[in-house]
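We just call them A, B, C, D and E in the order they show up, numbering each chain from 1.
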Amino acid sequence: MSPWLPILMAVPVVGAIVVALLPKGSDKLAKQVTLLVSLLVLVLTGVMAAGFNPGGERFQFRAEYNWIPSFGVKFGVGVDGVALVLIALSVVLVPIVVLASWHDADGVKTADGTLITPKRSVKTYFSLLLVLETMMIGVFAATDIFLFYVFFEAMLIPMYFMIGSYGGAQRSYAAVKFLLYSLFGGLLMLVAVIGLYVVGGSKTFMFPELIGVIQDPAMQKWLFAGFFIAFAIKAPLWPVHTWLPDAAAQAPAGAAVLLVGVLDKVGTFGMLRFCLELFPDAAKAFTMPIVVLAIISIVYGAIVAIGQTDMKRLIAYTSISHFGFIVLGVFAMSDIASSGAALYMVNHGFATGALFLAAGFLIARRGSPFIGDYGGVQKVAPLLAGFFLVAGLAGLSLPGLSSFVSEFMVMIGTYSSTAHGSGALSVAAIISAVAVVLAAVYILWMVQRVLNGPTAEPVKAFKDLNAREVWVLAPLVALIIGFGFFPKPLLDVINPSVQHTLTNVHVPTSTIAEKGTGQ
Amino acid sequence: MNSIPAPTIEYGTLAPLLVVFGAAVIGVLVEAFAPRYLRKSIHVPLTLLSLFGAFALVLVQVLRGQVSTVASAMGAVAVDGPALFIWGVILVLSFVCVLLINDEGHFVASAAAVPGSADEEEAEAEGSGGHTEVYPLVLFAVGGMLLFPASHDLLMMFVALEVMSLPLYLLCGLARRRRLLSQEASMKYFLLGAFSSAFFLYGIAMIYGFAGTVSLPGINQALASNAQLDPLLMLGFSLVGVGLLFKIGAAPFHAWKPDVYQGAPTPITALMASGTLVAAIGAVLRVFWVGLGNLDWNWRPAIWGVAALTMIVGSILAITQTEIKRMLAYSSIAHAGFLLVGVMATFGTAEQNAVSLKAILFYLAVYGITTVGAFAVVTLVRDPGGEAGHLSRWAGLGKRAPMLAGVFAFFLLAFAGIPLTSGFFGKYAVFAAALNSGTQPGDSMGGWMAGLVVVGVVASAIAAFFYVRVIVLMFFSEPAADGPAIAVPSAGTVAVIAVSLLVTVGVGLYPESVLGIANDAARSLFIR
Amino acid sequence: MTTHYLVLSGLLFAIGALGVLIRRNAIVVFMCVELMLNACNLAFVTFSRQVGNLEGQVIAFFVMVVAAAEVVVGLAIIVTIFRTRRSASVDDANLLKY
Amino acid sequence: MTLVLAADPTLADFGKDPLWITIVKAVMLFAFLMLGILFGVWFERKLISRMQHRYGPNRAGKFGLLQSVADGLKMGLKEDLFPNTVDKVLYLLAPVIMVVPAFLAFSIVPFAPMVNLFGVQTPLQLVDLPVAVLFMLAMGAVSVYGVVLAGWSSRSPYALLGGLRSAAQVVSYEIAMGLSFVAIFVFAGTLSTSEIVKAQEQTWFAVLLIPSFLIYVICMFGEAARIPFDLPEGEGELVGGFQTEYSSSLKFALIMMGEYLHTFTATGIAVTLFLGGWRAPFPISLWEGANTGYWPVLWFLIKFILTFSFIIWVRASLPRVRYDQLMSLGWKVLIPVNLAWILLVAAVRNVVVGEGDTMLGVGLGVLIVIGALAIWMRFDTVNQRRKEDKKAEIEAEFEELSNDPTAGGFPVPPLDLPHYHGVQHKEIPSGTN
Amino acid sequence: MDLYVPILVLAVLAGGFAIFSVAIAPFTGPKRWNRAKLDAYECGIEPTPQPVGGGRFPLKYMITAMLFIVFDIEIIFLYPWAVSFAPETDDVGRTIFSGLGLFGLVEMLLFIITVLVAYAYVWRRKGLDWD
């Protein structure tokens, strides 16, 4: 029993309540409190993470409380390596998002004073953000599948309101689409969760105890399908990806970062942990179709991204492409690919986060998300342009930046995966490599159109980044570059837990034996 | 010749019933003798106290561990664990509804007067906040609701059904605003209700012809000893089923629900949507479980179809609604379908029975209270002509009244079954029970149960759409310039909303609080 | 012997049910419902004779009470609506549609 | 048992007759009733005339005995009108519906105990049922259909109103009448008329249950629509009521017969249920043979005719009441009094017969009486209204007086008369006089 | 069933007589057609046109009818009670209560009180007043 995780989850909730209960007119105070709370969580997480022993048992900082004994549900939390890094990703992003959306609810004005979004309740926004933080931590930390499900679904609601109330012009459409897609997937997963409980007969939802309880292959396939569809919707995999561009484009920049950076990771995280480990046979049986879907996502996302005129939609489509990589890595079932996928989740969070935020700052200045409305930002706001460029390059996985490591690991791992027979996935790996080229096209083209060329008239009024905005982007860029050169700390944490996963999936040991850090 | 022995009656066990009926009778006397200006101030405490007293009596029975294991009153009423739980739920719900009813302005002063006539004006002038007959009528209805699920023979059930329904027919027609609508609702409810109870009764007759008795255990015994498929029996049970399914508003017998919910005064709608549903589901359980225990291979496929149809019809038709109360009515239909899934699951071993029963009881409790809360919110959003029923009038409510809209949104999320609300656990419990029953050894409907759950899931997803649509309307649309006024809620209404919210949140966070009680109640099962 | 009564009761019930479905005047519909209840009574009494206990007859008594109560409530409702709109046709009651 | 002539018949003795005896008895009863009507009409007219110092019928036959026959023939020879607007089927059916149940209602009245009828031992009573009294009440209720249908099918305001009034009156009094029997059943323990007669071996119920009897007598008038409760016809108000459109043909004759039969039934029931039926009255009953053979028919007929005469006597003496008085008597007096009385009877019976519960029974009895009184006092709206009227009257008078002090009193000279106040007297201009 | 045969016989007699009378009436009397004679009788004024399907009943009668039903049903319950409540004579000749006894009394008291409550309500609400 370790109190760490419950404390981590409780702090933001308390913060949210405090923020919500602040008296009217104390908007500024609300922001400050939120920032403080999120920083506190960050510090606490750091301290906790320092105590994580990568070589120790799989789940650490475990805590279990009886929650609903009638259903056999426990409030069970604990983290393995993958979960830890994803929690870390979340708690790092939250303060950044707080800073980034400092004025989002105040009514976003362009440089020339036109209002993009009207003034809305600041307190609500930030308390929703803190609630969301709790749920993000909870969803990664849950070792009880029921608890996982609860957070998985409940997470939608604050995000729904953040998009719906604080987003762009099409926000309500986007919010509803987002909610219904996710909800539908979630409900299918609910059936599977119940099925797991009922069919498994072990009268518990605790993940470690459920591994291997489903032996019947047909049942495995059904339940796998239930889980996988939910996760595929969440980590938008073609063809159920359509909600993401809308949601990401309409969400305020900060919410978009959390949406794409963290929420969608729940899907891939779930695939890695639950789909593979609970239903190894089904996972293997379904690998080929899933890999095909992943490849389609990768290529489709990239191609469609090229055609986008809206920056945020473009970034969303790049994400779809990247999620294709992650799914590919997960289902390659080799340790390199799976570790790469796990690492990719983190790196993508940083990279896309930075890109969204930088784009958000641009949009906040110009009032338009369309690439065609920009040009020559480089000359007017060099700092902003610089950050935008670095973030963009991270998005195309430039060597030396963090994404490259993970993308490379996924491709190598997939190519060499023997889990499904030697060379079965090599074609997939090769096709996915094509997407790297496409990525260069969409990112560089956007960067070029926005930053270079003749300076558009409205752009001339742009101010460069202020201190707050620098504080938003600088840590992300630092992390991108840092992990690009030195991913070992992350991999050290991730690898053992991926090993656990693969052991439970019973992939041939030959691939496990061939260890490598990729670098 | 005079060989009728004096029956024995367990007054202690039946005390909650007697208190409610007694208070209703006293209420009639108050109507008759108290001067008009005093009536309300007598009625309200009387009604609330009696409901509270009955609840306390239920509690006493539970706490002292005196849950009876044999039917009371010569086998007419069975006050077993589930019945006590249902009683508790109904009493709490009706208590809360009475607080809502107590609010001024929902009821007309003189129902018999032609709207706008001099008679009505006169009645309004000397009235003290509308019809005071409402209180005894509500008490009678509540008494019927208590008796309905506790009836141990079909005759008692029929009488209870009518005792419950007749006051409700009247109450439906007492709305102060939109009188024509209200009266029409009343008439439709009455005609259809009487029609369905005639079916119910004919079904009882057929069953009596088959079994020679109307006592539920007696019927079950007759079934056990006579395995062959008697047409009388089949006819009887289908007719009884029609009557019961009508009361819970299951498709295809749901047509009355939207009309009546829309036309009735909103506090009464709240009472019907919560209390009546709870009572009717309790009765359905008792009939199908106690009376038909030995015949389940026959009724389950039929209920399967009805449950699936109900969920789908409720969810899909709700989407097309533009009236908030009609929408909630269709939502109630869909929820009746979910509950029927639970009824389906009461098959197999005693353990499975208990699991399903627990699920249904829990669902009833949490759904009921959330419903009352939702309707309480509806009463507060008002146009000059009464409640702002049309959905378009609710646009932008989140900006005009963030608290109210937030609470309502929360209730809607609970209806939709979003985790961390009570509704989620209700739905979960029912689905889990259904899937669990599919794994019962020897159940030929295992796969079907899974199929039903999938239908349920699809229906929930569809249903989520229209709940979310209202939230979108409230929060993400701009308010109209002449939007509805938000009435200043009376203390009673505030209390209703607060209690509903607390329960919905509290149970959502810690469902074990109610689940535990439901579990205890369900473990003792119905007296068979 | 009792079969005839049952057939009669079934016929009455069917006539009542059909009447409810096809007649338009609220009072007539209501009368049809009463007819159905009486058909039930007939069935009860017949069965009482057939199965040889008195329960059916007792039930018939209760049904009468209920029918009486229903008459009182029903007529009150119908008369009220009739006074308000000067028509007892079910078709005229069409406000509650969407 | 059937060998002993004196044995009182019980339910068990019925339903054993051969068919021909049944037919014979039915024909006899039919004939008795038909003749009874003829005789009854004559008797009524004659008696009333005597009470009013007139001769009454005296032309047709000896003492005018054939007057009714002549009337009947006249009606048969009248034109059978068939008004334009009537609902033909019901218009024709209504008299039939009225008259047939009226005949049937009499079938449960016992005339005598076991007699030897053409060599067969049989009770002199057409039939007895376990629910005989209910049957009688049911037949009475069916007749109401005739009345309502007659009124309704005539399509005439007078007829409709008359029919409705009649129906409302009859059903109102039927309740009180039905309640008045309950006390009897508490004593007799049966609904069968022959057994009720048997139960009056010791004491007539009219003596034992005086309130019940009084209520029944009142109801009898209401139920049979006789003066003072003959409002359905109400010639003064309704020109004949529901039978307005039945001109004066045989249909009308049927209606008349139906009404007369109701009176007979009411009388017969009074005799059977309250006045000991065919049992000989006290001094005669000392004679052993009084209650055997055909003698009881005599006692029955004497009682019957006396009761009938009473009805006629009332007709001669009392005026018709107003409709609201009629209704409020039925609803506000007879019913509550009846209910209280029933409970009192039951409580007393409980005390008298029950063992150990005496004190409780007494307490309950007292409670019932007090409760009934209290309710009665509280509800005595007639009294209340009288008081209110009185008060209003006084107030109105006061008002009037305050406005106009001289009103209603002796002529009082105005205070400003010149000679009271010498100083202020009016100037009388000169030259005006 | 046999018990009802005599009633049937009498019904046939009475019904035959009644139908015969109604049927014979048109043939025994004269026929003298006159328009006014065949109008509804309204003391000489032009007859009020009556709606097809019968006129409307005043509401007052409806209330009476409803009250009647309620009380008639009460009577239906009183009769079996009265019969069961009546004491009977046992073998030794004593009069005893074999069945309901005090219980029956109390139950009936409660029943009548309940009905009286409704009755009181109707009375106070002027349901029994005829104006």
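As a working rule, contacts are C-beta pairs under 8 Å (C-beta built on N, C-alpha and C of every residue); 3 or more make two chains touch, one makes a residue touch a chain.
In this text the structure is predicted, and so the values were computed from the model without any measurement.
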Would you mind checking which chain's C-alpha centre is most distant from the centre of subunit E? A
Which chain wins if you rank chains by how close their C-alpha centre is to the centre of all protein C-alpha atoms? B
Compare the CA centroid of subunit D with every other chain's and tell me the farthest one. A
Chain pair bearing the highest count of C-beta contacts: D-E
I'd like to verify one number: the distance from the centre of subunit A to the centre of subunit B, where each centre is the average of its C-alpha atoms, in whole angstrom. 44
Distance between the CA centroids of subunit C and subunit D (whole Å) is 33
Mean-CA-position distance for subunit C and subunit B (Å): 25
Report, in whole Å, the distance between the mean C-alpha point of subunit B and the mean C-alpha point of subunit D. 50
Would you mind listing the residues of subunit E that make contact with two or more other chains? 72, 83, 86, 88, 101, 104, 120, 123
Multi-partner residues in subunit A (2 or more other chains touched) are none
What positions in subunit D touch 2 or more of the other chains? 189
Could you list, by residue number, the parts of subunit B that touch subunit A in their complex? 358, 398, 402, 413, 416, 418-420, 424-425, 428-429, 431-432, 435-436, 438-439, 450, 453-454, 457-458, 460-461, 464-465, 468-469, 471-472, 475-477, 510-512, 515-516, 518-519
Can you check the complex and tell me which residues of subunit C touch subunit B? 6, 9, 13, 16-17, 20, 26, 29-30, 33, 36-37, 39-40, 43-44, 46-48, 50-53, 55-56, 58-59, 62-63, 66, 69-70, 73-74, 76-78, 80-81, 83-85, 90, 93, 95-96, 98
Please output the residues of subunit A touching subunit B within their complex, sorted ascending. 66-71, 121, 124, 149-154, 156-157, 160-161, 164-165, 171-172, 175-176, 179-180, 183-184, 187-188, 190-191, 194-195, 197-199, 201
Quick check: in the complex, which residue numbers of subunit E touch subunit B? 83-84, 86, 88, 98-101, 103-104, 114, 117-118, 120-121, 123-125
Residue numbers on subunit D that touch subunit E, as the complex places them: 14-17, 19, 22-23, 25-27, 29-30, 76-85, 87, 92, 95-96, 99-100, 103-104, 107, 126-129, 134, 152, 154-160, 164, 167-168, 171-172, 174-175, 178-179, 181-183, 185-191, 239, 244-245, 249-251, 253-254, 323-324, 327-328, 331-332, 335-336, 339, 342-343, 346-347, 349-350, 353-355, 357, 360-361, 364, 368, 375, 379, 381
